[in-house]
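Here come two complexes built around chain A, the first alongside chain B, the second alongside chain C.
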Partner chain A sequence: MSGPIINDTPTKTTEKKITIDPITRLEGHGKIEIFLNDEGNVANAYLQVPELRGFERFCIGRHVQELPVLTNRLCGVCPAAHHIASTKALDAVFDAKPTETAKKLRELFYMGQYTHSHIAHFYALAAPDFVLGPSAPSNKRNVLGVVDAVGVDIGAEVIKHRSYGQKVQEIVGGRATHPCFGLPGGVSKQISEEERAQMEEMAKSCVEFGKFTIKLLHDVVLANQDYMGLVLNQDAYYLETYYMGMVDSDNKTNFYDGDIRVVDQEGKEVVKYKPSEYLDVIAEHVEPWTYMKMPFLKQVGWTGFTAGPSSGIYRVGPLGRINVCEGYTTPLAQAEYEALAKTVKDLGVTGPVHHTLAFHWARVIELQYATERMLELASDKSITSDDIRGEVNEPTEGVGICEAPRGTLIHHYASDKDGLCTKINMIVATTNNYAAINTSVIQAAKALIKNGEVSPGLLNKVEMAFRCYDPCNSCGTHALNGSPALEVNVRRADGSKLDTLRNF
Partner chain B sequence: MADKIKIAQYWGAGCGGCDVALLDIDAKILDVHAIAEVVFWPIGFDGKLSEIEAMPDKSITVSFYNGAIRNSENEHVAKVLREKSAVMIAFGSCACFGGTPGLANVTNKKEVFQTVYKDTASTDNPDFVTPQTQLKVPEGELDLPEFYDSVKTLDEVVDVDYFMPGCPPTVNLIALAVDAVAKHVTEGADLPPKGAVIASDKTLCDECDRERVETGRRIEKIYQSYEIKADPKKCLLDQGIICIGPATRAGCGSMCPKANMPCRGCMGPTKAVMDHGGSMLSALSSLLNITDSESKLSEEQIMELMMQVKDPLGTFYAFTLPKSLLKRTVTEKRKRKG
Partner chain C sequence: MTLNGKGRRKKTLVVGVGNPILSDDGVGIHIARKLKERALPGVDVEELPASGLELLDMVLDYDNVVIIDAIVTESGTPGELHTMQEGDFERTVHGASPHGINIATALALGRRLVGDRMPSNIRFVAVEAADVVNVSESLTPNVAAAVPSIVEKIVAELIEA
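The block that comes next holds the complex of A and B.
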């Protein structure tokens, strides 16, 4: 294969506005508008999210038990994350403690999700920029172009292991996309020994694939001075923000359960909160030029699209998690975490990694962790137990949080005594990152576009500033509830009324 | 070999699950790669809308459109793709019936904005700023698509050639469609008749292997899934859990019942049925012996039983509200209210 194409030749534009529509290789909709001043330099840029569906409105009036299968339709890439956050919210709503087996099954299922999602992002969405190069022809800059470049054998391995991630979710969760097994206090389905053994085999293979992916990142990106130049370009891809992510009691990363830790630009802990306390920490700002809201740290405040300690902007997802945690519970992920720490230390960085493109490195470390954790859980013979349902009490109100592949995911529901949802609020992974993503796009556009000179490759490098976050605007644009509006009379053939159905 | 065919996959108001479903065909992706060039698929490919708009009419062989029509951009891209494509497929239940986002048709834009941008617990928006379709910013003007009052299905805005239901469509159904297109391209085989639904004509119950009570079926009490430990071998309806399999098209492999959870109807109604929820209510009434003149239940008992379904809308119309007859009921009621 020929080497990646890093740069192309810019041409002079006299336009005052450059539009990238749609932005691509992300989940969901988005467009970027870049405004140039008279000198042809970037005056400002906006990453607009043009969609809204409104789950927070139409989920009101629904039975809360249905929310894990309704809200997973927020996102078909990480439905498992919504299903888990929602099921945990139901644990809280019904004051139900899941059994040990149920917890393990949920987490095993969830590691399948991470395996699928992180492989899909790294190989299908991000790799074209690294394997083919940011300035490769746009009709080649995709996963099929990557397959052509690296060969069908590696392509087949990628396909196989992403598929294993899906298969684990299907076995445990009933379905890979839009799973259905979550119940308050447990799960609906016991697994068999045969299924467990099958998952153990798949997990072993995934651990090896995790190692391969780390090696690939080292060979293709970290060993390439041109790419390291991009990664370390502080004018284009560097923000000193707060970070947020879930940790266990030892401050090790955990995707399924724990407290949520926030650190500052120096890496110092600002707050560690429990799911039920999220409203003390986060508020959401609204801008009139986009449908997606922008969360910020309440105690710091909203000051617009800037970084630094006085701005409440924080980052979540792989970069957020790697900056809030003190390591991993599994050996291979821990070793690579230490390798990253050493690399940045050698570069003179102390405290958190603020280099935006380091998201990719953090993501492959997490892929390794997810596969190792999947193997631990799938090797545990006790997960075939029939003890999968805990006791359930009368529904009230509750919050569930997990770490979605793209960051901290919060579901908050209130229920009446019949189990009908009266209030719902969700802050999803990508929404948490939105203000930072927009700030990164402004920064990259300003650094890369000068004197009106633009090229497809340069614009793609602007897109790389958001792509590394792996944004999921499908998730980010949920929000609607069901105001009473429907009453149906069910009549017999003779016209006499049989029943009245209503959603209120 | 001959020139590759051109395909496009786009999302309206969807979740990306339909896009992932195309990845889930696994090694078959390489078959697709052999015969097709992807000209537009924003989740994974860098084609931009302006490039599609510049293409000659009908030059895209087949477009898969997933997601419902929630705003003016969804509609605009649907129209562009229709014009540029020889074959237009409504891919997935949101494009076919409105899907989960279609539940928003019990409300409207004003109420959605009120909830999302004002009432939600974490929203900090004292001036009630809302997204604007046209906006002056210091550097120039920005625009956003218009959020419609209601959710539409794809065939309400463009002519649709084929329908592929499912949330998302299953790998088997996609493989069928890919094979049909491939055979058409490589061997000149006929495509299915226009308007065909690429799925089974049976009901979910036909492919569900749970044991049903054959005679004298009767529900005494309706349960939510969390209230009982359902027997994994017996029909869920027989156990009092509302499973809408009897009214739902087969083709998913009864995945939810296999996971000991009821069918919520994501494949949509069967062939002859216009209204999914109505069809299920009819199935339910026969199950309750309500239509039987010898019914052993009194009207009060029937009423009591039915009132146990706390959320009929979410239970019977979780995926098909924009296509149901109820839509008109709601609209007309609103109109009357003025």
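The block that comes next holds the complex of A and C.
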């Protein structure tokens, strides 16, 4: 194969507004607007997202036990994450303690979700930029182009292992795409020894594929000086933010359960909170040009799209999690975590990794962890026990949090004594990252577009600044009942309306 | 390689694609449910609330596949029926689908990687949607009114095939 095409030749534009629409390879029809000043430099940039209206109203008055199968309809990408967060919220609403078997089955199911989601992101969304190059022609810069470059055999392995992740979810969760097994205090379905053994075999294969993926990242990205130049470009892809993510009692990463830890720009713990305390930590900022709210750390405050200790913007997802944790409980993920730590230390970095494109490295480490944890759980013969339901009490109010592949996911419900939903609030992963994504887009646009000179490759490099967050817009604007349709999406640099378009 | 362990089956699969709680976005699901009630011999019916790679998992080892989805076109009338082939449906509202693999790309990937397990015939039935923004389990009136005749048309084609 020929080498990746990293740069192309920019041409001068006289336009004041550059639109990247729709954002390629992103769930939902988002749009980036870049506004240039008279000198042709970037005045500002916005990431706008579509909305999905009336979900909160849709849920009020329904039985709360319906919510795990309703909230997972918010999204075709991460329904399993919504299902898990929702089920955990029901544990809290019903003051129900899930049995050990139920907890293991939920986590096993969830490792299937991570395996399939992180494989899909890395190979379908990230690999086109890394294997073919950010400036490769756009009609080749996709997963088919990746297959052309790396070969059909590797492509088939990608599809196979992603499918294994789906299959594990199907066995444990009842359905592959929109699961239905979560109940307060447990799960609805016992698994057989035959199913367990089948999952163990698939998990073994996934662990090997995780190793292969890490090697591929090393060979293609980390060994390529031009790419490392991009990754380490602090003008375009570097934000010193706070970070948030779930950890276990030893501060090791956990996707399913634990406390939520926040660290500062130096890596020092700012707060560690229980799910029920999230409103003490997070507040939400509203901008006039988008329906998606922008959470920030309440104790720090909102100061706009800037990084640094005085800005309450935080990041979640793979980069957030790797910065809040002190390692992994599984050996291969831990080894790669140490490799990353050494690499950044050799670069003189102390504390968290603030390089935005390091999301990708963190994601493949997490893929390895998810596969190893999946194997641990699938090898545990006790998971076939019939002890899958704990006791439930009268419903009240509760919060459930898990780590979605894209970041911290919060579900908060209140119920009347009959179990009917009286309140629902959700903060989804992409919403948690939204302020940071915007800040990254502005930073990359300002660094990469100068003197009105643009090219497809440059614009794709702007997209790379937010694509690495793996944003999923379809559920990010869920709770905005009564808002007008998202039609106004062209604005001047000062944010005032310039034109009206439909967004789909 | 084996993706899902299914053996080669000479059967037809109908897939309703969409979100059943997002108004007309779920029209494909609504139609699929009506078709399932008919229990046509040799025809499996599935619902797919996502698209892209999930669709690829689903269609393998079938000979004929009919995919029913919602679509929003510039000048379409709500409830209007569009029929398309594998190469020309990028305009569907699911174009930028989960992880960016739209239906066309997913099927092309399947033909490239597991071509011997791909259906020989894939047809698309797209129904013009009026509302794909508001959360609701109901279709808008014009789309709902079009569903029975679309169901009959698909049934006739399936029986003929």
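Keep in mind that, in the parts below, the second predicted complex is superposed on the first by the 478 of 504 C-alpha atoms of A that agree within 3 Å, B and C clash if a C-alpha of one lies under 4 Å from a C-alpha of the other, contacts with A are read in each partner's own complex, and residues count from 1 in each chain.
What we mean here is this: contacts are C-beta pairs under 8 Å (C-beta built on N, C-alpha and C of every residue); 3 or more make two chains touch, one makes a residue touch a chain.
If you're wondering where the values come from, they're calculated on a predicted model, not measured in any experiment.
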### Query
Clash or fit: what happens to chain B and chain C when chain A is overlaid?
clash
### Message
On the A-aligned overlay, A:P184 touches which partner chain: chain B = first, chain C = second, or both, or neither?
### Response
first
### Message
With both complexes superposed on chain A, which partner does A:T290 reach: first (chain B), second (chain C), both or neither?
### Response
first
### Message
Under the stated touch criterion, which partner chain does A:A197 make contact with: chain B (first), chain C (second), both, or neither?
### Response
neither
### Message
Per the contact definition in the header, classify A:R53: touching chain B only (first), chain C only (second), both, or neither.
### Response
both
### Query
In the superposed arrangement, does A:H121 touch chain B (first), chain C (second), both or neither?
second
### Message
I need the one stretch of chain B that runs into chain C once the two models are overlaid. Options are 163-171, 217-225 or 289-297.
### Response
163-171
### Message
Counting contacts the way the document defines them, which residues of chain A are shared by the two interfaces, the one with chain B and the one with chain C?
### Response
22-29, 50-54, 57-58, 70, 73, 76-77, 79, 120, 124-125, 142-144, 147, 152, 155-156, 159-160, 162-163, 166, 176-178, 485-486
### Query
Hey, which residues of chain C end up touching chain A in the complex?
1, 3-4, 19-22, 48-51, 53-54, 56-57, 72, 93, 95-101, 105, 108-109, 112-114, 132-136
### Query
chain A touches which residues of chain B in the complex?
11, 13-21, 23-24, 26-27, 29-30, 33, 37-38, 42-50, 70-71, 73-74, 99-101, 103-104, 106-107, 111-112, 115-117, 120-125, 129-132, 135, 137-140, 142, 144-145, 147, 167-168, 224-227, 229-230, 232, 255-256, 258-261, 264, 266, 281, 285, 290, 299, 302-303, 306-307, 309-315, 318, 326, 329-330, 333-334
### Query
For chain A, which residues are in contact with chain B within the complex?
16-17, 20-29, 33, 35, 43-44, 46, 48, 50-54, 56-63, 65-66, 69-70, 73-77, 79, 90, 94, 120, 124-125, 128, 138-139, 141-144, 147, 152, 155-156, 159-160, 162-163, 166, 170, 173-181, 183-185, 188-190, 278-279, 282-291, 293, 295, 298, 302, 389, 392, 412, 418-420, 423, 425, 427, 460, 472, 474, 479-483, 485-488, 490, 498-499, 501-503
### Parts of chain A lying in touch with chain C, wherever the complex brings them together
22-29, 50-55, 57-58, 70, 73, 76-77, 79, 117, 120-121, 124-125, 142-144, 147, 152, 155-156, 159-160, 162-163, 166-167, 176-178, 485-486, 504
